[in-house]
Every structure is written in structure tokens, then in C-alpha cells.
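See the structures that follow.
Across the two complexes that follow, subunit A remains constant while its partner is subunit B and subsequently subunit C.
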Partner chain A sequence: MIQELFIAALLFFGAGFVLPLAVRSDRRIVRTASYACTILASVLLGIPAIAVLLGSGTVIFPAYAPAGLFSIAFVIDRLAAFFLLLIAVVSACVALYAIEYSEHLDGGSRRNLLCGCTSLFILAMVLVVASANTLSFFFFWELMAAASFFLVMYEYDQPATSRAGIFYFIMTHLSTVFVMLGIILLWLGSGSFALDHLADTPSYLATGSFLALFTGFAIKSGIIPFHKWLPYAHPASPSPISALMSAVMLKVAVYGLLRFLLDVFSPELWWGALILVFGTASAVLGVIYALKEHDLKAMLAYSSIENIGIIFMGIGLYIVLGTAGLPFLATIALLGALFHSLNHALFKSLLFLTAGSVIHATHTRDIEHMGGLVHRMPKTGALFCTGALAIAALPPLNGFASELLLFIAFFESVTVVEPLVKVFLFLCLALFALTSALSAACFVKAFGSVFLGMPRSPESAGAHEVPALMLAGPGILAAACVVLGLFAFQVLTIAGFTIPVMPDIFLIGLLLLMMLVLTYAVAFFASPRTSRVSGTWGCGTHFQEAGTEYSGHGFSEPLDIIFSPLYRTRIRNERTFFDEHGAIFKSGTAEIRLLRVFEEYLYLPVARQFYRIAGAVAKIQNNCLDTYMLYVFVTILTLLVFLGWSA
Partner chain B sequence: MSLDFIIYLIINTAFILLIAPLFAGLIRKVKAWTQGRQGPPVLQQYYNLAKLFRKEIIYSPHASWIMRATPLVNMAAIMVAALFVPLVFVPEPVGGIGNIILFLYLLALARFFMALAGLDAGSSFGGMGSSREMSIAAIIEPTTIIVFAALAIVFKSFNIFVMFASSAATGALTTPTIILIGISLFIILIVETSRIPVDNPETHLELTMIHEGMILEQTGRNLALMELSAAVKLTLLMALMINLIIPAGLAVTLTAAGIFIAAILFILKGSLLAVIIGLFESSMAKKRFFQLPSLFAMAFFFSTLIIIIEVFA
Partner chain C sequence: MIESAFVAGLVRVLFVCIIITAVYIISARNLLSIVSVYAVQSLTLVVIALLLYLLEGAPVLIAIAAITFASKVLIIPYFIATIQEKIRIKRDIQFHFLSPTSSLFVSMGLMLLVYIVLERVMAATGDRDNLFFFGAVLGISLMLMGMMVTFSRKRALTKILGFLSMENGVLLFGLFVTELPFIIEFLIVIDLIILVLLTTILTVGLDSTLEDYHKRLHRFHLWEDEVEVR
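So, the complex of A and B:
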């Protein structure tokens, strides 16, 4: 039954892909049918995922092996089922939203390609997660990369988009190269492509393979310093695609890392420390960069980097605690990482979708040109607020529940034997707390600048609420955020994990509600119910203008200054003078620019080196047929000599 | 949930609501004395709250449901947080009530809404207050979490109830670490309740105020709720310090006499701490905003020191 449902889901994803490409006409019905297929497939996928997750046993599909070692095989165990569920829930909500959203895009029949590729993209991610060996994992990994590239390039005629697309293409292939390298090293070690435990391989091969795979997955999931593609690709692509990429595709990379760490390797302490250091750096720097960002979607992209960092912290902590002989605490850390993956998928897709609605209504991504939208888009505002509360890790929502698990694991890590490890873990804990508090500041800024105060542009003043279908998808996600937060304890218990120190958040939710009702009742009965409306106090000015209110830029200014060593700015000052003493000013330009540290000191030097090497290689090609024939001749001669010599 | 616990919920909530304005008033009085002024009566806070409760509410035309919901959400979050810190009677913990991380995040929930309300009316004062409040809250957070982790190590529990019970049993002040923690908690108290040298609760000048700027647009009973919740938060953090460091008299069994004595003792100890806070504030000048990070860095290294002492001891 589970197998049939899974295959049916795959077929419907396939139908969602083929249908809009086969019927090329630019009609709404075609696209709606495609999205309906995607939604149906997601629901069909969700059922087997839940069944396996609740312990109906691992499902193994017969392998398809056309030639020897090369085989495509699927298996759904609990880890895979968890990620399949994550994909299913987010995909269904995103597709529901996209039905209406894609009708408002430009591009005519190109929109058919958009919904077809969306379906293909989801299908590829499902197959990556369900893969039973490294070969099929790699094959579908590449399919996922290709499908997502086409989606990012949707508005290919915009120069910013094509630049972002190329950037993404290069980075994602860099990731593929490293994953391939890791898989080849594994094959050298074990001689098979199966995802089995490596028992007796030389450890340098295992270490090399781990490092390659870690780099590959870190690039794909946007760990700093490999993160630069996220803030380019997310703003460039349509909002449902940003939501899918940020909420789901990054999690597929997390899944890959977990799969290899849990099933293949026997991790060592320093592996965990490495993952923890990269995770912590991404979490802190991600949120600090997010604070500085004024492009709403780029801000959400940086916030994804932060959350992926938190997930990596959980994974690193799992390995550190696991190698220290504390399996129970390690499990809590791993649960925290997994739960945060799910939660981040939910609230980040919610935020990207509502951000898409806001951008659709105001035609800008700059939060300085928004404001006052809570009056014009009240429902979108309430949904965004739910997402902001969840991502700021506030109780009783789901972001808090998963961060609480990580806090518990960190706090209890005092039982780790080695004092140095303890001090290291405490430093990570302090930075984790900083991250969490900064993300609260970041989302006060986001919600405040976008929705509160006065409109700061005519478009923002004339914005309208989006249609019901564009509220339904985010609505389901928001409900899931609330439910998973309130019932975190119960959900973990159902999944088979009882954690004694984990508080029952539902009880806290009840208490909050009770206190709210009590306060309201006292206020309602004990004080007069009169209120009137009068202008905001503006220091004696007669009328208030939007220009005087605190902008998003102003909001983050204190933190900008505090963290200014991290935001390297470059001040350029060029002046020309009439006289040689520099006394009579002629003209000049001045510029204060945020230095793109990683791009200018890491990416570009590496790219230049490659360019140089490529230039050197290009000298061999002189466009002359004789030379090429000489190459062929020399090659054959060398081969013959080599074969004769080695035989 | 046992009967004891339900009685605890009622007693704790009623007691903290009753005495919270007292300490805030006392601090003001002490500060007035040190400045050579007579100052308002100690009970002035109660009169203010009663007066504000009877006044009508004025909303800005730009204000949304955030402005209307914030006083209620803020008060509710602080009152739930108040259930986490037993003032006079420590029952057995139930279902994670008393979890120290949850306590911290309930305060964060209140702050989140307060900061949003600061932005809601479109006033530049409110925005300035919100921005500064969130910045300060973010950079003090590492210190807070390290201190709380140190507490969890020293008392081997996440639960404030268990911490209080064990400190009441041993009479506390037994280890040097607890004194260091006390100093760290004092710094957190000063920062979290917006006092000098971080913020000046008395002024309404835009250059100095943080918390006051954020609630500038609140009026009538909404303002009363905001002020009351600020007083409750102050009392909560004071209680955390008092019951960990000088827990003498803290009741662990439910008897009328025990609770009465504990309440009297708590008011005495709280008044003493309020006087100390008042004197501390009077002896300090408000620091420039951008000098605060170095102050917090000091507090952070201080609290890390506790951990290192505890780890290597």
C-alpha cells in the first residue's frame, strides 16, 4: 500500500511536469491542472511519509539496474520519511499559493514552463531523499540542481536575474563536484555505491570523503563562506520558487549530510567540532547580515543562512556529544536539528510566500518603500506576523520548540568529560543565544517597516489585499507553525522520544491564553471603555509625514554600529582641484559602499585563478587542424608505449 | 496538577501584582533622597496606576491591532513568566513551569510585542526606543544565557523551582560561585529593567530614553498595563536574585504561617535590594549608548569566568 501510494505520488508529479509542457497554450486551466497534480501528489506523498515515520517499518523498492554497478534504487526509512513529509507539506502549500500567483506574473506561456519545472524540481527532491544508493542520489541531485536553475532563470531577460542565475549555476555545480568527489572516494574505500556503513576502510579515505561531502552539502545549503548564491538567487526568482528553494532544497542538503553521517561514516570528535564551528559562524554572521539588508527577500535569504547554521549546530553537537559517549543528549541535539529543519521549512516558506504577496501588492522589494500595510493587507499582515514570531523563536510557536531542544542539549553538555570541549560548547551556546536575540530584532524590523507606521511610497499607500488562494497556502503553514509549537512535546512523544526536561508548551499556551483573558476581563470591567483617535505626537508639528518616522535603516543603525567591524565599508573620496595645491575645489565624487567581504576576498580571487589557468590551457588550442592531429598522434603513441611497457 | 500547585498559582500571582509597584516606588524615593529631594510618596506608583486605569485611551490614526493587543499580550506574557518564579512558596514543579529557558523567552515575547507597538504609531520616538531596546536585548543575551547555564550547572536543574528549593535547603551563600552569579544577575537586572547606566527610566528626553520612548504612545489603561508589567518584571528579576542568594524564610510547605512569614521577609529583602538598586543608580551616570557594548562585554567575560571556575574546579 505504501509503495503504491509513493509511486502514485511520483506519477502525479510527473504529470504535473509533462502536462504544461505538452499543452503549450497560454491558458490558466493548464497551469491550474499542473498545480493540482502537484498538490495531489504532495498529499499522496504525505500519507506514506507519515505511516513510515510513525513506525510502519522501512519500505524497500526493487532496484532498477540496467548495467552492472549502475542501479537506481529507492528506500524509505524513518529519516527519509521525515524529509519526505517536510517536502510534501511545503510543496502542497506553495503550489496552492502559486495557482493564483503565477497568473499575475509576466511571461505568457513561459508560465507553463514555470509550473512544469516546479513539479519536476519537487519530484527530483523527493527522489534524492528516497535514493537508496549513492549513484541514484547523485543522479537526482543533479536533476534537482538543473530544475532549480531553470526556475531561478524565470525572468531571464532581467540583467540582475541572469547574473544571479549564472552565479547559482556555478555554485550549485561546485557543490555537485564535491559531492561527486566524496562519492568516488567512498567507492574507492568500499567498492560499492550502497549507502552502507563503512567499517574497515582506511580512515584517510573516509576523512577525505567526509570533507568533500561536507563541502558539497555546505555549498548547497548556504553555509558561510559558501553562502553568496542565496542572497542573489532568492530575490531573483519568483516567490514560490524562493520559498521552495529556501524551505526545502536547503533541507535536502541537510538530509544528505545527515544520511552520510548516520549511515556511512563513524564520525570523530573533530568532525563534529568542524560542523559546529561552521554552523555557529553561519548562524551569527547570517543574522547580522540579515539585519543590514533592506531587500525583503534578500533579508529572508540571509535569515535562511542563519537557520541552516542553527541546524548545522545541532548536527555538530550531535556528533560531539555522540563521540563523548552521551547518546541520550546526542539524540536530543539531533532531534533539535531535525525539528528545526521542519520548523524552518514551515515558517520560512510562510514568510517567503507572504513576502511575495507584499511585493506583488507594492511592486518593490525595498522595505524602505513599504509601511502601513497592516491596514491595507490585514490578513497577509497577520500571517507574516505569525511567521515572524515563529522565526524569532518566541513561545508558544514552533521555532521556540526546536531551539529549546538545542538549548537543553547545550545546557546539559556540562556532563561532557573534557573541560576544553565544555568551554568550546559554552562559547557556541553564547553565540547561539546572540543569534536568537538578533533574529528577534531583525524580524521586529521586518514586520515593523513593512506593515506598521505610515506608507512610505504611493504604491504602498494604494496596496490591496491579495486573493483568497494566495492566503490559503500561507494560512495552512501558519496553522502548522502554531500547532507544532503548542504540541511539540506531544509530537515528540508520538514520534517515540520522551524528553523529561522538555516543558509541555501546550500548558504554557493555555496559561498565556488564561492570563490574556483575565487581563482583558479586568481591563474591560474595571476601566472605562472609551477611546478616541488623535494624531501621533510629533513634537508640535501640525501633521506628521512618513519621512519623519523611523525607517528600517534607522532601526538597524545601532546594531550596524555595534557590529561595524563585521560590515566592512569602503569609503571612496575622489576630488579634483583647479590648482596644484589642492585649494580650489573643482569636482569630486564620494561613495560609501558596503564591502562584499566574501566576494572580494574569497570568490573573486579564486575565480581569477581559474580564469588564469583557463587562459594558459587555451594557449594549447591554436585553431589549426595539424596541431590537433599532432595531439592525437602523440596521445596514441604514448598510450601504445605505455601499454607495451606495462604489459 | 495538585491543589498545592493551584494555590501556589493564585498566591504568587496575587502577591506579585500587589507588591510590584512598591519596589518601583521605593527605588524612585531613594533616588530622590540622594538628589536631596523629597520625592513622590513610596505609594505613588499605586496612585498612578489607579489614575491611569480610569482614563480614556487615545489611539493614533496610524495604529493597528498591534497597538491594541500589545498591552494585553505583554501583561499576559509577564504574568505567565511570574508563575515561573516563586516569591514566597516553592511547590513541586508541574509540566515544565519554572523552566529557565522558557522564562527567558517569555520575557522576549513581551519585548517583541512592545517593540512592535513602538513602531506602530509611526512616531520617531517609538521607533528609536524599539530599535535601541532590541539592540540592547540582543547584545546582553549571551551574558544572560551563560549566567542561566551557570545556574543550571550549580543547581543541576533547569527548573527555577528546584533551584529555589535547593538553595532554601542549603541556606545558599555556600559557594563562591553563587556570589559571582549574584553579581551577574544584578547586571542583567539593571539591563533588563532599563535602569541607569543603560537607560534612564525618569526622563522623557529623546536622547536618553529607551523603554519610555517605546511606550510613549500608550495611554490610559494601556499605559497602566505597560507600567504594571514593567514593575512586575522588575520584581521577578529581583526575586530571582533574592531567592537564590538569601533564600532564608522561603516556604517549601504550604502553611499559612510559613507563607505569611515568607511574605514579610520577602518584602523586607526586596526593599533592601530596591534601596541598593536606587543607590547604585544614583552613583552612576547614564552611559553613552555606544559605550554599552563594552560594558556588556565585561559582563560577558565575567559570567564566562564563572563557568570556567565551575568547570575546572
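So, the complex of A and C:
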């Protein structure tokens, strides 16, 4: 039954891909049918995923082997089922949202391509997760990269989009190269493409393979310093695509790392430490960059880097604790990482979809040009607020539950491990706590700037609430955020994990609600009965304009000052003078901008070196027949010499 | 019946002739004489084929000799010579990568290299007839020398002669080493291609360099994808 449902889901995804490409006409019904196929496929996918997750046993599909060693095979175990469920839920909601959203896009029949490729993209991700050997994993991994590239390039005529697309293309293929390298090293070690435990492989091969795979997955999931494609690609692509990429595709990379770590390798302590260090750096730096960002979608992209960092911290902690002989705490850490993956998928897609609605209504991504939207788009505002509360890890929402698991693992472990590891873990814990606080600040700023206060642009003033379908998808996600938060304890128990140190968040929620009621009751009965009307954040003035209000920049200014060593600016100042002593000013240009550290000190130097090598190689091809004849001549001579030498 | 040792001696003399012609094609600057030398080289090959027939008695050698004589001694040189009378440029003094003198040194090195390599290869496969060994060495060397002409000369005509001389090398190698019936068919195909090539180039491009040739085709409206501007 599970097999049939899974295959039916694949077929419907396929139909969602083929239909809009086969019927080229620019009609709404075609796109709606395609999205309907995607939604149906997601629902069909969700059922077997839940069944396997709740313990109906691993499902193995017969392998399709066209040529001996090169076989395509699928298997759904509990880990795969978990990620399939994640894909199914987010895909269904995103497709529901995209039905209406894609009708408001420019591009005519290109929109057919958008919904077709969306289906293909989801299908590829499903197949990556279900792959039973490294070959099919790699094949569908590449399919996923290609499909997502086309989706990012939807508005290819915009210069920013084509730049982002090329950046993404290079980074995603760099990731593919590393994954391929890792798989080849594995094959050298074990002689098979199966995802089995490495038994007697030389340790240098296993280590090399791990490092290559880790780099590949880190690039794909946007771990710092490989993160730079995220803040370019997410703003450039349509919002449902940003939601899918951020919520699901990054998780597929996490899945890849987990699959190899759990099933193939026997991790060592330093592997865990490495993952933990990269995770912590990404979490802290991601949220610090997010604070400084004023492009709504770029901010969400940086926040994704932060959350992926948190997930990597969980994975790293799992390995560190596992090798330190603390299996129970290790399991809690891993559970935290997995639960946070699901939660991040839910609230990040919710935030990207509602951000898409806001951008659709205001025609800008700059949060400084928004404001006052809570009165114009109240439902979108409420949904965004739910997402923001969840991502800020406030109880009783789901972000809190998963971060709590990680905090429990950290707190319980720092007392039992050896001193050096203790110091290291304590450092990570401190930075993790900082991340959580900063992330709350970041989303207070985001919600405040976008929805509160007065509108700071005419578009913002004239914004309207989006149609019901564009609220339904995010609505489901928001409900899931609340349910998974309130009933986190029960959900984990049903999944078979009982964690005694974890509190029942439903009780906490009730407690919080009671406190809220109590506080308001006290305020209501104890406050004077005179009322005063003034604008929000207006310091009590009677006449207020949008320009005098507290802005997003203003809100983050104190944090800017604290982290000023990280926000290094570059000042450029060029002046020309009428006289040679530089006394009479003629003209000049000046610029102060944020230093793009990774871009200017890491990416560009590497790119320049490659450019130079490519230039040297290009000289070989000089469009002259005589030169090519010379190459042939030299080749024949070389072959002759080789023949004589080997004879 | 002529004694086989005498015939073998004659073939050796003809080998020397072929080397001389090859050297001349590499180093000469006068276009007309290169064509004549090519005809002489082909004639030498015809004679070698006939002498081999005396040694081995395979009738296919006669056929090769006849085809070679007709195409390479008569038709192709005649074609080129006819056109050459009509164009003004008689000398080829533009070179790429190698000057004639250095080409000579390189070809000496080439022959030595081929000799050493083949000696090692043949030693591995067992003893072979001395004459056939030299034929093979010379065939490959001639091929490589022809190739050298194709990339070191700039004029299209000399390039073609280089190619033809390369093909002579293939024929020579085929005469001594490879299975014959297959090679005949192969040669005929190549010859046909060369003929087609020649007849197209002959009309406009023979005195030009290859870079100029494209422009010329455009000027005379012989290039198909050209958009007519009125």
C-alpha cells in the first residue's frame, strides 16, 4: 500500500511537471491544474511518510538497474519518511499559495514553466530523500540543482536576477562537485555505491570522503562561509520558490549530511567539533547580518543561514556527545536538530509566503518603505506575526520547542564531559543563547518596520489584503507552527521519544495565557480611565509624520554599535581640484558601504585566480587552423614516443 | 625474370628519391616547382608499386599503380598547374611556426624518431623483412612531413600539397605494411575528397591565405548564409 501511494505521488508530481509544458497556452486553468496535481501528490506523499514514521517498518523498492553497478533504487526508512513529510507539508501549502500568486506575476506563458519546474523541483527533492544508493542520490541531487536554477532565473531579464542566477549556478555546481568527490572516495573505499556502513575502509578515505561531502552539503545549505548565494538567490526568485528553497531544499542538504553520518561513516570527535564550529559561526554571523539587512527577503535568507547553523549545531553536538559516550543526550541533540529542521521549514515558508504577499501589495522589498500594513493587511499581518514569534523561539510556538531540546542537550552535557570539551561546548552554548536573543530582536524589527507605525510610502499606504487562496497556504503553516509548539511533548512521545527533562509546553502555554489575562486584568482595573490618542512610537506628539517615526535602522542602531567590528564599512572618497595644491574643490564622489567581507576577501580572489587560469587555457584555442594542425602533429609525435617507450 | 635482390636495390634507390622530393616540398618557395615535385613523388610511388608487383605478384598492386598514376601524376598536378598559370602569385614565402631550414632539421629528427620507435615495435613482434621495415619508416615519416607542411605554410595551395604528400605517405605505408584491398578503397575515397576540395578551392581561393579565403567567398557571394544587402 505504501509503495503504491508513493508511486502515485511521483506520478502526480510528474503530471504537474508535464501538463503546463505540454499545454503551452497562457491560461489560468492549466496552471491551476498543475498546482492541483502538486497538492494532491503532496497529500499522497504525506500518508506513507506518516505511516513509516509511526513505525510501519522500512519500505524497500525493487531497484531498477539498467547497467549492472549503475542502479536506481529507493528506500523509505524513518529518517527518509521524516524528511518526506516535511517536503509534503511545505509543498502542499506553497502550491496552494502559488495558485493565486503566479497569476499576479508578469511573464505570460512563462508562468507555465514556473509551475512545471516547481513540480519537477519538488519531485527531484522527494527522489533525493528516497534514494537508496549514492548513484541515484547524486543523479536526483543534480536534477534538483538544475530545476531550482531555472526557478531562480524566472525573471531572467532583470540584471539582478541573472547575476543571482549565475552566482547560484556556480555555487550549486561547486556543491555537486564536492558531493561527487565524496561519493567517488566512498566508492574507492568500499567498492560499492550502496549506502551501507563502511566496514574496513582506510581511515584517510573515510575522512576525505566526509570532508568532501560536508563541504558539498555545507555549500548547498548555506553554511558560512559558503552562504553567499542565499541572500542573492532568495530575493531574486518568486516568493513561493524562495519558500521552497529555503524551507525544503536546504533541509535536503541537511538530510544528505545526516544520512551519510548515520548510515555510512563512524564519526570521530573532531568531525562533530568541526560541524559544531561551522554551525555556531553560521548561526551567530547569520543573525548579525540579518539584523543589518533591510531587504525583507534577504533578511529572511540570512535568517535561514542562522537556522541552518542551529541545525548543524545539533548535528555536531550529536556526534560530540555520541563519541563522548552519552547516547541519550546525543539522541536529544539529534532530535532537536531534526525537530528544528521541520519547524524551520514550517515557519520559514510561512514567513517567505507572507513576505511575498507584502511585496506583492507594496511593490518593494525595502522594509524602510513599508509600515502601517497591519491595518491594511490584518490577516497577513497576523500570519507573519505567528511566523516571527515562532522563529524568535518564543513559547509556546514550535521554534521554542526545538531550540529547547538543543538547550537541554547542551545544559545536561556541559557538566559531564571532560574539561576541554566542556569549555568548547560552553562557548558554543553561549553563542547559541546570543543567537536566540538576536533573532528575536531581528524579527521584532522586521514585524515592527513592515506592519506597525505609519506607511512610509504611497504604495504601502494603498496596500490591500491579498485573496483568500494566498492566505490559506500560510494559514495552514501557521496552524502547524502553533500545534507543533503546544503539543511538542505529545508529538515526540507519539514518535517514540520520551524526554523526561522536557516540560509539557501545553501547560506552559496555559500558564502564559493565564498570566496574560491576569496582566491585562490588572492593567484594565488599575489604570486611570482617561484615554489619550497618539501615533505609535510617536513619543506622545499630536502631529506625526511617517518620517519622524522610529525606523528599522533606528531600532537596530544599538546593535549596530555593539557589533561594529563585524559591520566594517568601506569609505571611498575621490575628489578633483582646480589647482595643484588641492585647495579649490572642483568635483568628487564619495561612498560609504558595508564591507562584503566574504565576497571581497574569499570569493573574488578565488574567482580571479580561476579567471586567470581560464584566460591562459583560452589562448590554446586561437581560431587558427595552423595551430590546431600543430596540436595534432604534436599529439601524433607524443603517441609515437609513447609507443616506442612502451614497446 | 629479374632477380629479386636487384629489384630490392631499385626500391631502396626510389626510397632515396622519395626523401629528396619530400625535402623539396618542405623547403621550396616556388609554387610551380612544388607541384612538379609532387608529381615526381607520386610517379616514384607508382614505380615502387610496380616493382613490388614483380617481387610479390599481387595483381592489386597494378591497380594501385594505375589509380595513383592517373590521379596523382596526371589529373591533380594538371588541375593545379592550369590554375597557377592564371594567378599572379608564384612564390610562397609566408611561414607559421617553422621556417624551411628548421623544418628540415625537424624532419631529420622525425625520421630518426620514427626509425627508433618502429625498430623497438618490430623487435617486439619478431624479425621482419628489412625492405618492408624501411618502407614503413618512410611512409610514416612522409606522412608527418606532409603534416608539417600543412601547418607551417600559409598559402592554401601549399597546404593542399602538404596534405597530398601526407596521403602519399599513407599509401607508401600501406604498400609495405597493411592489408591492401581495404587500403585501395580508402585511398580512392580520400582522392575523391581531395578532388572535390581542389575544384571548389581552385575557382577562387588558391592564391590566398586561408584567412583571406573566407572574405573572398563573401565578396564573390559564394557563401550561403550571407544576407544580401541592397
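Note that the second predicted complex is superposed on the first by the 591 of 647 C-alpha atoms of A that agree within 3 Å, B and C clash if a C-alpha of one lies under 4 Å from a C-alpha of the other, contacts with A are read in each partner's own complex, and residues count from 1 in each chain.
The rule is short, and it goes like this: contacts are C-beta pairs under 8 Å (C-beta built on N, C-alpha and C of every residue); 3 or more make two chains touch, one makes a residue touch a chain.
Quick caveat: nothing in here was measured; it's all calculated off a predicted structure.
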| item | value |
| --- | --- |
| First (subunit B), second (subunit C), both or neither touched by A:F400 | first |
| First, second, both or neither for A:M629, with subunit B first and subunit C second | second |
| Partner chain in contact with A:P558 - subunit B first, subunit C second, else both or neither | first |
| Of subunit C and subunit B, partner touching more subunit A residues | B |
| First, second, both or neither for A:L637, with subunit B first and subunit C second | second |
| Partner chain in contact with A:P225 - subunit B first, subunit C second, else both or neither | neither |
| First (subunit B), second (subunit C), both or neither touched by A:G208 | neither |
| First, second, both or neither for A:G107, with subunit B first and subunit C second | neither |
| Residue numbers on subunit B that touch subunit A, as the complex places them | 53-62, 64-66, 71-73, 75-77, 79-80, 83, 94-97, 99, 101-102, 105-106, 108-109, 111-112, 115-116, 119-128, 130-132, 134-135, 137-139, 141-146, 149, 152-153, 158, 216-217, 220-221, 224-225, 289-290, 293, 300, 304, 307-308, 311-312 |
| Complex contact set, residues of subunit C against subunit A | 96-97, 110, 113-114, 116-118, 120-121, 123-124, 140, 144, 147-148, 150-152, 154, 210 |
| Subunit B contact footprint on subunit A (complex, rising order) | 371-372, 374-375, 378, 381, 385, 389, 392-395, 400, 404, 407-408, 410-411, 414, 419, 422-423, 426-427, 429-434, 436-438, 440-441, 444-445, 447-449, 451-454, 489, 501-505, 507-508, 511-512, 515-516, 518-520, 523, 526-528, 530-538, 544, 546, 548-550, 554-559, 561-562 |
| Subunit C-touching residues of subunit A, taken from the complex the two chains share | 625-627, 629-630, 632-633, 636-637, 640-641, 643-644, 647 |
